[in-house]
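Encoded as structure tokens, here's the structure I'll be asking about.
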Amino acid sequence: MELFLQQVLNGLTLGGVYSLVALGLTLVYGILHVPNFAHGAFYMAGAYSAFFLINRMGLNYWWGMAGAAVTVALISVLSERLVFHPLRKAPYLHHMIASIGILLFLEAGAQALWGADFHRMDTPYTQIVELGSLTLPAQRLLIIGAAFGLVVLLQLFLKKTVTGATIIAMAQNREGAALVGIDANRVAMLTFAIAGALAGMAAVLYAPINLVYTSMGHLVITKAFVIIVLGGMGSVPGAIVGGLIIGFAEAFGAFYISTDYKDIIAFALLVLILSVRPQGLFARGAH
Amino acid sequence: MKLVNARTGWSLLLLLALAFPFMAGNDYHLTVMSTAYIYAIATVGLNLITGYTGQFNLAHSGFMAVGAYTVGILTVDHGVPFWAAFALSGLVAAFIGFFVGLVSLRLKTHFFSIFTLCVGYIMFLLIEKWESLTHGTVGIVGIPAPESIGPLDFSEPRTQYYMVLFFLVASLWIMHRIVHSLLGRTFVAIRNGDELAQALGINLMRNKLLAFMLSVFFSGMAGGLYAGYVRFLGPGVAGVEHTFDMTMYMLVGGIGTLSGPLLGAIAVPWLTQYLQFLQEYRFVVFGPVLVLLVIFLPHGIVGTWLNRQRRKAALPATAPTPAPRLAAVPQEKGARHA
Amino acid sequence: MLEIESLSKRFGGLTAVNAVSASFARGTINAIIGPNGAGKTTFFNLVSGTIRPTSGRVLFDGRDVTGLRADQAARLGMARTFQTTALFDTATVLDNLIVGHRLRTRSTLVDVILGTNRLRDEERICREKARAALDFVGLSHLEARVAGDISQEERKRVAFALALSTDPTLLLLDEPAGGVNPEETDGLAQLIRKMAKSGLTVCLIEHKMDMIMNLADRILVLNYGEKIAEGTPAEIRANPAVIEAYLGTEHA
Amino acid sequence: QEVIKIGFSGPLSGGAALYGKNVLSGMQMAAAEINAKPLDIGGKKYKLEIVALDDKYNPSETGINVQRLVQQHKTAAVLVPHSGGIFAVQAFNEKSKVLLLAYTSLPQATERGNTLTVRIPPDFTGYIGPFTKAMMTRHGKNVALAAADHDYAKAWAAAFKPAWEAAGGKVVAENPMSYNKATDFYSGVSRVIQAKPDVLFIGGASEPTALVAKQARELGFKGGFIIIDQAKIDEMAKVVGGLGPLEGSVGVMPVSGDDRPEPAAFTARYRKANPGKDPSSEISLNYSAVHATVAAMKLAGTVSDAAAIRAKMDQAFKTLPPEHNPNDIEGLDAKGGTVANTIIGVVEGGKIKGQFLRALNAAK
Amino acid sequence: MLSLDRVSLSYGSFRALHDVSIHADDGELVVLLGSNGAGKSSIFLTMSGLNRASSGSIRFGAHELVGRKPSQIVADGLVHCPEGRKLFPGMSVLKNLTLGAYVHRSDSKGVKRTLDEVFELFPILHEKRESPAGSLSGGQQQMVAIGRALMGRPKALLLDEPSLGLAPLVVKQMFEIIARINKAGTTVLLAEQNAYAALNIASRAYVIEQGRIVMEGGRDELLNNPQVRKAYIGA
């Protein structure tokens, strides 16, 4: 039983981080209609910024996270301005290749700045919480709490605020949004900023139990794509549910079946679900 | 008139390619070129499904790996002669492509892309994990060079070059036939609007499946050549980054054109060779170059040139030239809601 | 030649087409009218195989075609145009039309690779068909233009030609004169008449009453997915249910 | 004064960049030392240059790179630090007459009879017996396998398992994990811990290996780790926060922890040239390989004849001055693999205790 | 007062508008007639800032609109109800309408009031307020589009072919509603194919052909002009 609960916890940890990354991706997809392959590099950039702020500048963990969120938001907005905005009328293949260009640049840039070494990020939460026979590292609990807190905040922001509604409006009809007085550029930048900040925070949450290195984004980005397709591209609840599905599939797959095959399990799951529901779990039948 | 131009162009290119080993003078240049040709074959295949039919397949390098492993496994583990194994490489890829296509081609736009991204990843993982068949991460060592045919000994870089060139030319020739035929028009019709194409009596599934299988056939064949050329195989050949590379070749040259992907597949590897001096920092340069290219030459080199020609031919001299509308690439459907 | 038996389509809770029965005779022009959202386009989609009906049957030339895919229906001789005129915008007008006849050809990959005579003949036939269709709609001079660049009315005509190039016996036209000015509308009406004269059965959806009343042999009126009237223009014009639901008093 | 070049093709960008750069840094350190003194081969004066090309771990790019090194830079020797690239180069290196310095401990690299290959790291099979013995006596007979799933680690596990069982041990769980690609090891580690092993067999690149060890401790594992030689105990200690969590583990002795005079001097030199970094065996072994190659050139009196150089490599290693041979390589075996009396390290009381492999093997 | 002074517009190398000058006084209802592709929508798009004029000037009240962002123009009180509706298909009708009042978002009372007015104008929208806009029929969507434009409390309203694809009955209602909106004090610029109905409620009209204004006049003048009758009224 504990072992089962332990896996639940794991699933939540992974699912939480995946959801955060996938959320940004799905929001940007909503605006751009484009898979942003550079999103994984944003995640990586978040980890490096925080690493720099915490381990080199001596800021505390939370300031590091805030700094990372801001930095990545900035990088994200810059790529919107410099790359995706000029491409807004181009077909999606172009965005995709351009986003790979950004990815290559960021990864090589991080290596140029910080070298190829693996780095550890410090966190104040190193204790192990013992709950009955469950051992719960505090950082993992923090990840779960923070990730889902952020998700709820984002959902509230999108659903309850006018600014949030403008993001959705833009996603559904860019010109229509402009015609009611929504400043399209502002919303695009805002969306990119939010997506970047989420990726940055996800990285800072997760990095202390993993490592900081230039290709760390690869691990999450493919899964984030699986998640948003699974959940229905552009769908916020879809990204969350998809994140949890993949998180649990990995945790339970690795535990009960085999670590060797856990990735295959996650991808096979996607193949299976899409074969039955080609638009993903949460897509609206808008066509 | 135009046809003659195209034909002389191609003939000139062929002559250049034939003369290349004599001008290159060293094996390094031959190796770069031969490898580029191998990827060009796969790219030309990718272009059929992505550029002409509008379904962007991200599992393409997975199929290349299928072809390569067909040759690797058959020659190393079963003693099958290279050429016999090679003959199967494209077919095995197309065979697997049939099943993958059957499921994946029901999906559209990004869904298809991401689905195939996952399929490609599964292929990679299977190659890595299925050790009894693929030798897993250790890879397949000691793939024999293609057996000599008559006086042609394929362990020499120069003959290898001509061998690869031969298959490249054959691939281009077949591709040329396909895209300029009714069949090619059918594919393009699906790319340009599948609902309309279906209303015109075009069986979407059958045609997309055919394009998909043809496309991966080329990829598998390229994989077979790769196996005989590099003579070592690891799961890495299936890596999605190779599909991204090929997509980039297509885009740089001009997607949905015949010569564009070829041009890209040859030009980009040479460019990266020239950027080698930057070592690990070359992507700091290469990344932005890629972005600029996509922004300022969206139709690629060949595409931009062709578009200009086409407009010139289509419009009477006096009529105003309308704004360029995008050609040749699957258009984003999202904007069509409402 | 086209018999509809109690055709229905539900989208979730909404019944877009509700037990509609109708029959259309060969060589006639039939109009389908009704308020927005009445289910006209859905009705077309059901007949042409774009979507599957929830229940009911479609008989085409006595043959049950219910649930066939759109491409199969097209092969049997049904051609349609779309409410938002769909063309292959990036191709030239002629290239648009050449594909139109593809469904009547049999060349396969083998023909393509071997370059057989069959392929060559069929390509020639497709081209001839395309030219003939273009000539029929009076746009021969446009064949080299890129389809995305021509005017709205020309687009409508090319869409007709595209439908014609499939060698159909039944034409389904969804708002063929939508967004076209009165003068040009007359031209299109004449073209439709010409098509019917050549033996085609025409079904069209239109909101332009003047055009419909002059053009149609019979009119079918839908409202909330249900058939509320059917008859000659004169009958429809006088039908109180139609006046109330659709025409308003002015046109009566 | 002429230039001789030794080539390198390995990952300098992407996920394995660190590994490639470490290898390269060892080579460059050797080159700097060689150039500090006059270099005289066959009566001519030379300067040594390392030409490095990035291949992103991709075998076909290794092939292209090595061709380029041979054709454009006329290198008589190239060093490749990954098995895939090595196998790709072996398809043509004899024909192209280039000496392949293969940095991989996969036995196949030399098993297949390539006459121009030298395998730089010693065969790992020598570690198995002593590791087994050390851990079985200390912790118990139940081992769980949770090393990485790449070629090298799998080969290790495959050789280890029968040896452990032959020594009377039991393998209670087997769960190789993707150290490079997995986001999290928690589930995989809890899966093996569930089988209540006394010893955990782990290893891949140092940093993820450290994470695995750390998570095992977090999940309550109290036994010892057998750490395969790819992971370095000192590098792991940096990640897990000291040697504490690694208490009772066995692995190869890190160069920086080796207090014999030559390794210690080497470590000091390296630290001086690369502040803040410790030399791993990637660095020291390839450092020696470059020294040995140049020595072999001197012995053979040629800078271009690969076969002649290859013929003198054994002698070159044997005569390498101790300061150039921190790993104490004793020469080459018949197939071209290095032979060394490596020391293994056992973490005991917060320190790494070194023991000679050969002594341990003999005691068995 | 809304006026265009020698406005030109190009799409790439194609010149869609040539020195177009038109104006509408406050409270006027001005119609733009022209066949397909004449440039009516282009005029509107240029006014609302979605396209940028290559030369000329557009003045609205005290503002020069060329170079102004669409969002600012809406805030100025010039609202464009576009051809093709451009709704937010996945959002409810209510959300669509609320977003129409985006520039007045701080005035929630006022928004509520306008919303009630819109529902009064289009009762069906009240009934469908929770349905996604994309699931409505063409005519209903057109009503949402107009309603959404009204939510911006425009001083001047640009209506681009509001009757496109609508049933005759609805068209009739539509023109009545437009007339009512205009009577309530909103300046209306109306582009229409349905020239007769449009002219009937208009005060003045322009005829545009191939990007040029070719005729201008009062309602009756144009209604009685034989050329206009032949080309645009069809009787």
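When the chains are written out, they are named A, B, C, D and E in that same order, and each has its own residue count from 1.
Definition applied: a contact is a pair of C-beta atoms (placed from the backbone, for glycine too) under 8 Å apart; a residue touches a chain by one contact, two chains touch by 3 or more.
Predicted model, so just to flag it, every value in this text is computed and none were measured.
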Can you list every chain in contact with both chain A and chain D?
-> B
Taking each chain's C-alpha mean as its centre, the one farthest from chain C = D
Please identify which chain has its centre, taken as the mean of its CA atoms, farthest from the centre of chain B.
-> E
Counting C-beta pairs in contact, does B-D beat B-C or the other way around?
-> B-C
Inter-chain centre distance, chain B versus chain E - centres from mean C-alpha coordinates, in Å | 49
Just curious, how far off is chain E from chain A if you go by their C-alpha centres, in Å?
-> 42
CA centroid of chain C to CA centroid of chain D, Å | 73
Contacts with 2+ other chains: residues of chain D = 12-13, 17, 21, 149
Please list all residues of chain B that touch 2 or more other chains.
-> 280, 282-283, 322, 326, 337-338
Residue numbers of chain C (touch at least two other chains) | none
Within their complex, chain D touches chain A through residues 12-15, 17-18, 20-21, 149, 175-178, 181-184, 186-188, 190-191, 194, 205-208, 211, 218-220, 238-239
Touching residues on chain B, where the partner in the complex is chain A = 50, 56, 103, 106-111, 113-115, 117-119, 121-122, 125-126, 129, 240, 244, 247-248, 251, 255, 280-284, 286-291, 294-295, 298, 326, 329-332, 334-338
In the complex, go through chain B and note every residue touching chain D.
-> 26-29, 31-32, 35, 128, 136-139, 141-142, 145, 155, 226, 229-234, 236-237, 273, 276, 279-280, 282-283
Given the complex, residues on chain A that touch chain E span 162, 165-166, 168-169, 172-173, 175-184, 186, 284, 286
So, in the complex, the side of chain C touching chain B is made of residues 48, 50, 69-72, 74-75, 79-80, 82, 86-92, 95, 98-100, 102-103, 105, 107-109, 111-113, 115, 119, 122-123, 126, 144-146, 148-149, 162, 166
